[in-house]
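One chain, chain A, appears in both complexes that follow, with chain B as partner in the first and chain C in the second.
Right, the complex of A and B next:
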C-alpha cells in the first residue's frame, strides 16, 4: 500500500466515528462554552452576548454552591467506602470461603440492575413507618424518622445507595488483579515468616495500586454523573439537601428552561472532569498497567 | 475465572476463617436484601408488603396489575430497539475506527486519538443541554434514534478494540494481503473473528449500560412510542399510584427482570466481560 493510500484509508475508516463524536461530544462541549456567555433565548428574543453574567449569577447562587458542596460530600462519602468494601469483597471471594460463588453473585448483582429501579426499592426501604429500615429501628425502640425527608439524613441515605450500587462493580477489578498475583509470592512471604496482615499490607495492597488508580478515576467520574437515584428518591430535596451538580443542571435546563445558565453550570462539570483527566494523564498514566 | 491451583498460605484458617466467612455472608445478605425485599413485596398481596409472615399467600396479581396499568409491552419493544440500534452502530463505527488506529499510520492519528479519548471524560451524559438542542434542530426529539445518537461513537469501544487489534500478529495481516485481500476484507476475515471475546464483553457491557440508562432518555422522550423501560417505570411510579408499593415493586422487577435473569444465568460471562472491558 502506498503512503498516500494509508492516509486516505485511515481517515475514511475513522470518518463515521469522528463525525458522530464531533457532532455529539466535541461540538456540544464547545457550544456549551459559547452559550454560557449568552443569554437564554426566550420567545422572539434571541440569545444575546452577555459576557460573564451567567457566571456572576452562579457565584451568587446559593443553590449552586450547595450542589457543589453536596457533590463533594457525595464523592467523599461514596468513594473511599466503596473502594474499601470492594477490596474486602474481592479478598473474601478470592479466598474461596464457603459459597464464594453466591457471595460474588450477591455483591455484583446491584451492578446489572438499573439505578432507577433499585432507587424505587430503596425508596420503599426508607419509607417512614412501614419501610424496612423503620421496622428494624422500631424493634430497638427508636422513634420514627423520615430518613429521606430530613435534610440532615437525606444525603447520607443516597450515599448509601451509591455505595451499594458501586462496590460490587469495583470488586471485579480487584478480583482480576488478585488473580494475577503469582502464588509464589505468598509462599515466599510465608517462608520468610510474614504475618497475614504484613503480607496484605506490604505485598497485596501495593500490587493492587494500579487497580486502585483505575477504580479511583472511575469512582470520581461516577460521583459527578450519578443522578438517577436523586431524581427518583428526593428530587434534590429536602431544601436542596441532595441536589448534585448534574441534577441541578437538569433542573435549570429542563425544569426552568434557563439553558444559558445551565450551560454555565455544565462548564463547571466539564472543568472538574477535565481536571480529573489531566491528573490522570500527568500523574498516573505511566504507572498504570494497561496498554 | 481461573483459580490458583495452590492454596495460598495466607488464606484464613481455623476460627479466623469462620469469622471471615460469617462477615462475608453478613455483607452478602445486606447486599441482597433490597432485592429480596422487592421480590417479597412483589409476590405477595399488598397487606403483606411490609409484614413478613412465612404463611403469607403468594400471588402474581401485582405483576398483572402493573403490566395492565402502563404500556410496559411497548416500553420493552422500545428498549430492545434502542439497545440493538446502539449496539449495532457501536460495533460498526468502533470497529472501523479501531482498525484505523491500530494498523494505519495516517496524518493526524495522534491528535485524532486524543480527541476520541476526550469522550471518556467529557461524556454525552453531562452534555444534555446542548445535545437536546441538537436533537431539536435535527427535528428528531422524542424518538429512539435521538436517545441512541450521542452514544453510537463510543471512545470506550474504540479504545478497547484498538488494543485488541494491535495484538493481532502482523504476519496474519500480511499473509492475507499477499493473497490479494483488501483492507476491509482483512478486517472482516482476520481481525473481527479474532476479537470475538472482546465483542461479547463489550456487547454485554453496552447492553446493560443502555438498558439501564435513564437521564438522557428521560430528557429527550415524552411519549409512550419512544420511552424506554427505565423512563416508563419512572413515569409510572411517580404519577400518583396512591403509592401502592406492591405494584411499584412488581413494575420494578419487570423492568430489571430480563437483564437480571440473563445475569444470573450467564454470570461467568457477565463478570468476565465487565472485567475484560474494564481492565483494557
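Right, the complex of A and C next:
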C-alpha cells in the first residue's frame, strides 16, 4: 500500500465515529449558536435573523438572573461541603477498620442509585405532615414546616440531596488517592514525632491536592448540569426559588417552546462549562510537577 | 547501662513465626550491626524496636524504660527506612527538617542542624529539589539526613548505604561512624554488606531465619564462628565447610564438619592432593577453586596465580586454623 492509500484507509476507518460525533455533537452545538441569533419559528412564520436580541432579552429577564444566582448558591452550598465530607469519609474508610468494604459500598450507594428514585425518596423525607423530617422535628415539638414548598428552605433542601449524592462519588477518588500514599510515609512521620493532625495537614492533604483539583472541576460541572432532582422534586418552584440554569433552559425550550431563547441560554451554559473544562486542561498539564 | 534491650522477642505474621525468641542488648553509645541473609528478620527487628509493629511476645526496653506498648513517637527513635520513605511533595530541605518542625525545634537550631547534615552528606546543592529529581543514592542520603538531624539518642538504620557507589559508601560509612561516636548515639544498623559490618560494628548480630546465630564483636565472628552457618556467612570468600572424613585429616572424632578459611590454605608440595578447577584473579590475590576427594575447596593465593585448570596441587593448613562443627546441629565443638 502506498502512503496515500494508507492515509485514505485511516480516514475511512475514522469516518463512522467522526460522522456520528459531528451529527450528534458538533452540528447541534453550531446549530444552537446560529439559532440563538434568530427568532423562534412559530406556525407559518419562519425563523428570522434578529442579531443579539435574544441576549438582550436575557439581560432583562429576572428569572434568568434568579437562575444564575440560584445556581451559584447551589454550587457554593454543595461543592465545599461534599468535598470535605468525601475527604473525611475516605480517611475514615481507608483506616483498617472492621467492615471496611461494607462501609465503602454504603457510601457509594447514592451514586449508583437511579436519580429519579433517589429524588422520590427524598421527596418523601421532606413531605409536610408525615414525611421523615417532619416526624423527627415533630418529636421535638417543632411546628410543622413545608420544607420544599417554602422559598426560604427549598434550595437548601435540594442542596442537601446533591451533597448526599456527590460526597460518596468523590470519596471513591479520594480513596484511590489515599491508597497511592505508601504506608511508610505515615510511619516515618510518626517516628519524627508528628501528630496525626500534623501528618494529615503537612503530608496527606498536599498529596491529595491533584485529586482535589480534579474533583473540584467535576463538582463545578455537575453543579451547572444539575436538572433531574429539580424536575422530580420542585420543578423550579416555589416561585423559581430552585430554578437552576439547565432547568430554566429546559422550561424555556420544552415548555414554553421558545427554542431560540433557549438556544441563547444554552450558549451561556456552554461558555461556563467550557471555561471550567479549559481550566481543567491547563491544570492537568502542570499536575505532574512532583511525580 | 544498656540502651536497647530485647528480651525473648517473637513476632508472628499470621501462622509464620518470623522472629523467634530474639534476645540481645545494645550498649549505650555503641553501634550494633544486624547481619543476615535476605528475609531473616532484620527489618522486622528494627520495626519492632521503632514501634511500627507490635511484638507477639517478649519485651523491648530503651534506656531502662519498657517501651513495648509505646507508640513510635514516644520512643525517641530515629530511623532510616529501607525504602527511604521521603515525602514526595516536599523539598530536600523540608524533608530533612520535617521532624524538627513537628517537634517545634526553634528555627535557628533547625537551620544549624540542617546545614551540618547537608554538609556531611553532600546535599548542600540539592536542598531545593524534590525527591523525584534526585538519584537513588541522593534520596538515600536525604533519608539519612532526616534521621541524623533528629539527634535522637537511638538511631535505627535499614541498609542506609545499599544504593551508593563503592567510594561514596566508604565515605558515608566513616561519616556515620564518626557522627554516631561524636553524638554518643546508640545505633542499630542493618546491612547485607560484610565490609560494613566488620568495619563499623562494635558488635555484630548474625541472624538466620528469625533467630540469632551469633552475637559478638566482629573479630570473634571471623575467628570463632559459633555455627557452620556463621562460618559460611562471614568472610569473602566464605569459609570452606566440608565433611572431614573423606579428606583423611586427623579430626577430634569421626563424622565432623571441617571449616577452613581460604586465606589459611597454603598451596604447595605438601598436604592433601587436589586438582585445580578454576582460577579467578581478583587483583591483590587470586581465588583458586580446587577439588579434593570429590569436594570443592577454595584457596586464596597472593597476586596473580600461575596455576591453570587441571593442575595437580597439594593443600596444607595449620592445625590451629581448623574449625570443627557437628554435622547434625552445625554447632562448633
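Odds and ends about this structure:
Heads up, the rule we're going with is that the second predicted complex is superposed on the first by the 276 of 291 C-alpha atoms of A that agree within 3 Å, B and C clash if a C-alpha of one lies under 4 Å from a C-alpha of the other, contacts with A are read in each partner's own complex, and residues count from 1 in each chain.
Methods note: contacts are C-beta pairs under 8 Å (C-beta built on N, C-alpha and C of every residue); 3 or more make two chains touch, one makes a residue touch a chain.
No experiment lies behind these values; they were computed from the predicted model shown.
In the superposition on chain A, the chain among chain B and chain C reaching more residues of chain A is B. By the touch criterion stated above, A:187 is placed in contact with chain B and with chain C alike. Of the two partner chains placed by superposition, only chain C is touched by A:202; chain B is not. Looking at the shared chain after the overlay, A:135 reaches chain B, while chain C stays out of its contact range.
Once the two complexes are overlaid on the shared chain, A:68 sits clear of chain B and of chain C alike.
In the superposition on chain A, contact of A:175 is made with chain B only, not with chain C. In the superposed model, A:232 lies in contact with chain B only, and not with chain C. According to the touch criterion, the shared surface of chain A, contacted by chain B in one complex and chain C in the other, consists of residues 187, 189-190, 290-291. Only residues 1, 6-11, 13-14, 16-21, 23-29, 31-32, 35, 85, 88-89, 92-93, 95-99, 101-118, 120-122, 124-125, 127, 130-132, 135, 164, 168-169, 172-173, 175-176, 179, 183, 186-187, 189-190, 196, 199-200, 214, 218, 221, 224-225, 227-228, 231-232, 246, 249-250, 253-254, 259, 262-263, 266, 269-270, 273-274, 276-277, 289-291 of chain A touch chain B when the two sit together in their complex.
Residues 50, 52, 71-73, 77-79, 81, 83, 85, 87-90, 98-99, 102-103, 130, 132, 146, 150 of chain C touch chain A in their complex.
Residue ranges of chain B in contact with chain A, taken from their complex: 1-12, 17, 20-21, 23-25, 27-29, 31-35, 37-38, 41, 49-50, 92-94, 96-97, 99-101, 104-107, 109, 112, 115-116, 118-134, 149-150, 152-153, 155, 158, 163, 183, 208, 211-212, 214-215, 218-219, 229-230, 233-234, 237-238, 245, 248-249, 252-253, 255-256, 259-260, 263-264, 267, 270-271, 274-275, 278-280. Those residues of chain A that touch chain C in the complex are listed here as 182, 184-185, 187-195, 198, 202-203, 206-207, 209, 290-291.
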